[in-house]
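I've put the structures underneath this note.
Consider the two complexes below, in which chain A is the common component and chain B and chain C are the respective partners.
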Partner chain A sequence: MMAVLRVFLFGIFAIFIGLLFMGIGRKVIARIQLRYGPPFYQAFLDVGKLFARKSITHNFVMDLGMVMALGGLLATMLFVPIAGHVAVKTSTNLIVIMYLMAIGYLGMAMAVAASGNPNATIGVSRALTMMLGYEVPFFTVILGLIIVNGTSSLELISQSQAGSILNWNMIKFPLAFIAAEIALQAMMGEKPFDAMIAPAEIASGPMVELSGKYLGLAFLTHAVSIFVETAIIVNLFMGGASNIFTFVLKQFEIYLITIFIEAVFPRFKIEQAVKFLWTVPIGIAVLQLLLILL
Partner chain B sequence: MIELLLVPLITTLVLAFFIRYKRITWTLFLAANGFVLYKLYSIYGIWNLSYKVDTAYKILGAELTLGVSNNPIGWYFAFFSALITLLISLFSIGFNKNSRSNVSVIWMLIIFSNLGIFFAQDWVTFFMMWELMGWTSFFAITNGKDKALDGAKYYLALSLFGAALMLIAISVLAQYTGTFQIFASAYGLLQIINSSTKLGIGILLLFLTTFLIKSAIFPFYMWPQKVYSEGPEDYITFMSSVMIKYGIYPMAIFIVPVVGSADLPMILNTGNVLQYTIGYLGAISAILGTILAIFQTDMKKLFAYSSVANMGYILLGFSSMTIVGFEGSLFHVVNHMILKAAIFLTLAAVVFRTGESEMHKLGGLVYRMPLTFMTFLLGIIAAAGIPPLNGFGSKWMIIQALMSKRMVVFAIAMIFASTGAFMYLFRALASIFLGQLPDRYKDVKEVPPTMAIPMFIMMVIMLLTGVVPGVVMKPLTSALKAVGYNVEVASWTTLEGSLKNSVIDLKIVFYMFVAGVIISALMYFFGNKSEKVPQNDNYTAGEYPEEWGVDADRFNYSYAFYQPFKEMFEPLLESVSIDGFFASIGRNFEFLSSTIQGLFKRGEGAVLLFSIGVLLLILGGLII
Partner chain C sequence: MELPPAMTSRWDVERFGVGPMATPRQADVLLVTGYVSLKTLKRIIRTYEQMPEPKWVLAFGSCTVNGGIYWDSYNTITNLAEYIPVDITVSGCMPRPEAVIDALQTLMKMIQSGEAGAYKKYKENYEYYKANQDRVLKKTVPVLGQTPKNDLEGKDEDAKE
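Here is the complex of A and B:
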């Protein structure tokens, strides 16, 4: 019973923090662009409104896919250590986390492709291409850290940086951190890597046919993915944290960096994005890997 | 032991008599496969079973005995391929109801050779079975269709080339080691490598080339797409799941032990030269197979290249030469068997109902064939290696092994290939099953029960192997232990990696996934009601196209699905083409043979050729 409650609490916590970040992110972007911007709790209002509205669906695959999307990302979230706490007792294996994340994306892609709108499918095709673009540099970074620590457990990697700030992988392996940051930007689908959303081109791509609670579920999925991705970076490079408050603060710092970049950059075309990801971050990551190996 | 081989052989003869009566042949086919599976189940653990015929002959100084024996790794391969074959043959009963030709006779002969290969005790038996499998599959692929002839010829030519290489290797090996026994000659080969390295490596490479051809590893990666796109779909299912593993089995029992313990120059203290050769072949196959699969428009060709990539993973696991990598590879053999069979069965079902295999001409089939869709969905989740299903465990073990051996290039290749796998797998899902249903497929129905049941069982097996990997890992580790590897028998749900603190419990992964879905489903039910509307309602923005005097158009974005990505790779793929290279060899060969034929056809030429032949014979006699 306790375990069930714990799992449930972790899930709600991730959704809450993710939505909070989204709201603050919108405010920050607005201020950078000299607008007033919505209040920081706007994301909660949006989700509340979306779940209260009636919505349309085309077939059962859409329902199944949206549930699978949020479910997959929540499951991933349960494997990520948050300030030393994990929802269940596991070895928090990085490869498991990376693969589990994919089921959420697959569910989302399936749901929007089932909506039958070509714009959505174009968005998915771009998103998957982008995925191949960022997974390779991100994994190269991870590979370096795994080889240094001799383990693929995220918890052990974060524990190995305990002590002073000088033990953080961010300081010890700055090149890896830069490469991971660029990959993270693409992973979150923020500018300049937002070709899959591209509102002016393909009408928000995947979201084009979603309405009501389906869009709400998509919002929640995005919130959880923000939480999971920043949490992975914090564990890998910033040594985790001793309490949850510090952990969330560190996550917020990482999110703020992506938001700053998002606010000022234009958009890459998809092939430009993949070429960029396969030259600059991979180059940096491989350099770091060579420094580690030799 | 011998009845295991005799039953398929006799069944072949019986089937040949009843070839005109489809219902009888396919039922008999199913029964024979059931018997084989039962028999294999009953001989598990009795590793001293054998049957052999001693001939008094000696060839090349080695005694010629033909024999089969129950060898643990062979049993592992044979049992799971028999299981898959049984399911496919159940599917075949429904599938072949309206087909004109009957492939069951040849297929039964292949099952006979299949068992022969996995249980062969000596190279001569192995070679005979290998050859039998080679030419019979030619007839099974063509199956009376002229269109299939090109691909089948290509396959046959490669098979014959491989068999010739293997024959040379076997005879040289027999001459140097004085034995035809597979396990004894592996030990002999190791000594040859340690004493005269070049000769030993030469023999090894001859064997390796043969096995690479059969498993479609680079540079022989072209045959699956040529063959799979033309052959009868149910047989192709068998081919892509079982037959492509024939090269892997001898690699596991012969090449890997030899390479692993050979004393060869090391690279960066991580592995020896041959190990890296195998690894690079695997890595290139994985990457190339993935990239080519992304660009296919024919669904069978797409999954043919996906098989190439998966064979690449298996080679990568072998190349690590650690026990985790080896177990992972052998586990992946069975996982790939299961998931590829599931996927190809659904493709066969789609072709059965629509007669179409070009993906961009299909679409929206989920509304008509939901069960097929579910099987396909689970199949691609498994093929992408996503946790709650099978395919993940084995890939995870292989990556663990590569990382612990610090083979970074291979690990990155593996990740590239498995992320690229999402791209082509999702493309297949979206193009075949999702999107809008074309008008001509309005009346398509779900497949009949005889075809639906095997697909359903496949789903259950995929989920079971994914959550409880012990169903495969337990027999595997017991088999490896029986052969003499230093392994613990695996537990039901946990997998052990080779890095620090890397034990994963797939049961927990499954529970967490279920927990995530439950929370998400609660959210879904918590939201306001949704209304089901036809696609056009939303799509045409509330207008009726008929009122405008036009028909509602269907748009499926599926033909050039990854066009920007393709443009990136076009220069590379255009400049390098192994297929073009083979084709040019073929052309030159044709030119040569027609020149010789020209000599022969004119009168004096025949005399010339005859005298050259006689001269060669005499010279040969003198030299020997």
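Here is the complex of A and C:
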């Protein structure tokens, strides 16, 4: 009973923090563009409104895929340690996390492919191509950290950086951090790597057929993905944290960097994005790997 | 033409939680800006019927209320409210971006108080709206007899054969 309650609490916490980050992110982008911007709780209002609306479904696979997307990311969340708390304890959770994270995106792909809209299909093919682009540099970075620490447990990697700020992997392996940041930008689907969304070009891509509750679920999926991805980076490079408040603050710093880049950059075409991801971040990551090994 | 300034830095309609959406499935409010030609009307009706309920229509500018300067044109409609249910209109030619923001806020108040429910009228009086739509859309059928592709008229003819 306690275990179920614990899992439930972790999910609610991730969704809450993710939506809060999304709201603050919109406000920050507005301030950079010299606008006033929506209130910071706008994301909560949006989700509330979307769940109150009627929604149009196309078939059963679409319903299943949307739930699979949110479920896959929530399952990933359970393996990510948050300031020493983790819902499911394992000794090799980094590999499980990287494996489960793909399931969320595959669920989304299934849902929108079932909706049968050509714009959605283009968007999903771009999203999966982008996934191919960012996962290779991210795995290279993770491989380097696993070799250094001799473990694939995210808790042990974050504990090994305890003590002063100079022990952080961010300071010890700056090249790996830069490569991971670029990969994170693509992972979150922010500019310049948002070719899969592209509202002016393919009418918001995967989301084109999602109405009401389905769009609400897509919002929640995005919120959880923000939480999971920033939490992985905080654990890998910023030494985790001793309490939840510091942990969320560190996550917010990582998210702010992403938002700053998002606010000022234009968009890559998909082939440019994959070419960039397969040259610059991979080059940096491989260089760091060589520095670690030699 | 008033919407880009209303959305960007100068007037910033996002501070009221209003933003542009790329597809009708995600939209709450349909803004019809400016005069409506018959070909546009066909697409407006399709867009409107694709939106999930509850949905609202904001008719923008004099052209959608009484035809504006196109009042005697053979190819534009004069009153949008005869073809789809309109919740709120903004008159003027052209209205300022402030008028858009004002109309959206008035619409929000109307939704709060339950006054804005024109989409229910569309379902109740569908025959009236459909008759009006068919009356004008008849004019878009080509005169020289080619069967139009992707049109409802074309499909009907196929069905009769």
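Things worth noting here:
Keep in mind that, in the parts below, the second predicted complex is superposed on the first by the 293 of 294 C-alpha atoms of A that agree within 3 Å, B and C clash if a C-alpha of one lies under 4 Å from a C-alpha of the other, contacts with A are read in each partner's own complex, and residues count from 1 in each chain.
We take it that a residue touches a chain if its C-beta (ideal position, glycine included) is under 8 Å from a C-beta of that chain, and two chains touch if they have at least 3 such contacts.
Since this is a predicted model, take the numbers as computed values, not measurements.
After overlaying the two complexes on the shared chain, residue contacts for A:56 are found with chain B and with chain C alike. Measured by the number of chain A residues touched, the leading partner among chain B and chain C is B. Of the two partner chains, chain B and chain C are each touched by A:212. Using the contact criterion defined above for the overlaid structures, shared-chain residue A:95 touches chain B, although it does not reach chain C. In the superposition on chain A, contact of A:106 is made with chain B only, not with chain C. In the overlay built on the shared chain, the residue A:136 is in contact with chain B alone; chain C does not reach it. When the two complexes are overlaid on their common chain A, residue A:257 makes contact with neither chain B nor chain C. Once chain A of one complex is fitted onto chain A of the other, the partner contacts of A:11 are limited to chain B, with no touch recorded for chain C. Counting contacts as defined above, chain A residues 53-56, 209, 212 meet chain B in one complex and chain C in the other.
Those residues of chain B whose C-beta lies close enough to touch chain A in the complex are 364, 366-367, 373, 377, 381, 384-388, 392, 396, 399-400, 403, 406, 408, 411-412, 415-416, 419-420, 422-423, 426-427, 429-430, 434-436, 497, 499-505, 508-509, 511-513, 515-521, 523-524, 526-535, 537-539, 555-558, 561-562, 564-565, 567-568. Those residues of chain C that touch chain A in the shared complex are 8-9, 12, 14-17, 20-23, 25-26, 28, 52-54. Across the complex, chain A meets chain B through its residues 4, 7-8, 11, 50-59, 61, 63, 66-79, 87-88, 90-91, 93, 95-96, 99-100, 102-103, 105-106, 109-110, 113-118, 121-122, 124-126, 128-129, 131-132, 135-136, 139-140, 143, 146-147, 149-153, 156, 209, 212-214, 216-217, 220, 269-271, 274-275, 289, 293. Of all residues in chain A, those touching chain C in their complex are 26, 30, 33-39, 42, 45-46, 49, 53-56, 119, 199-200, 203-204, 207-212, 215.
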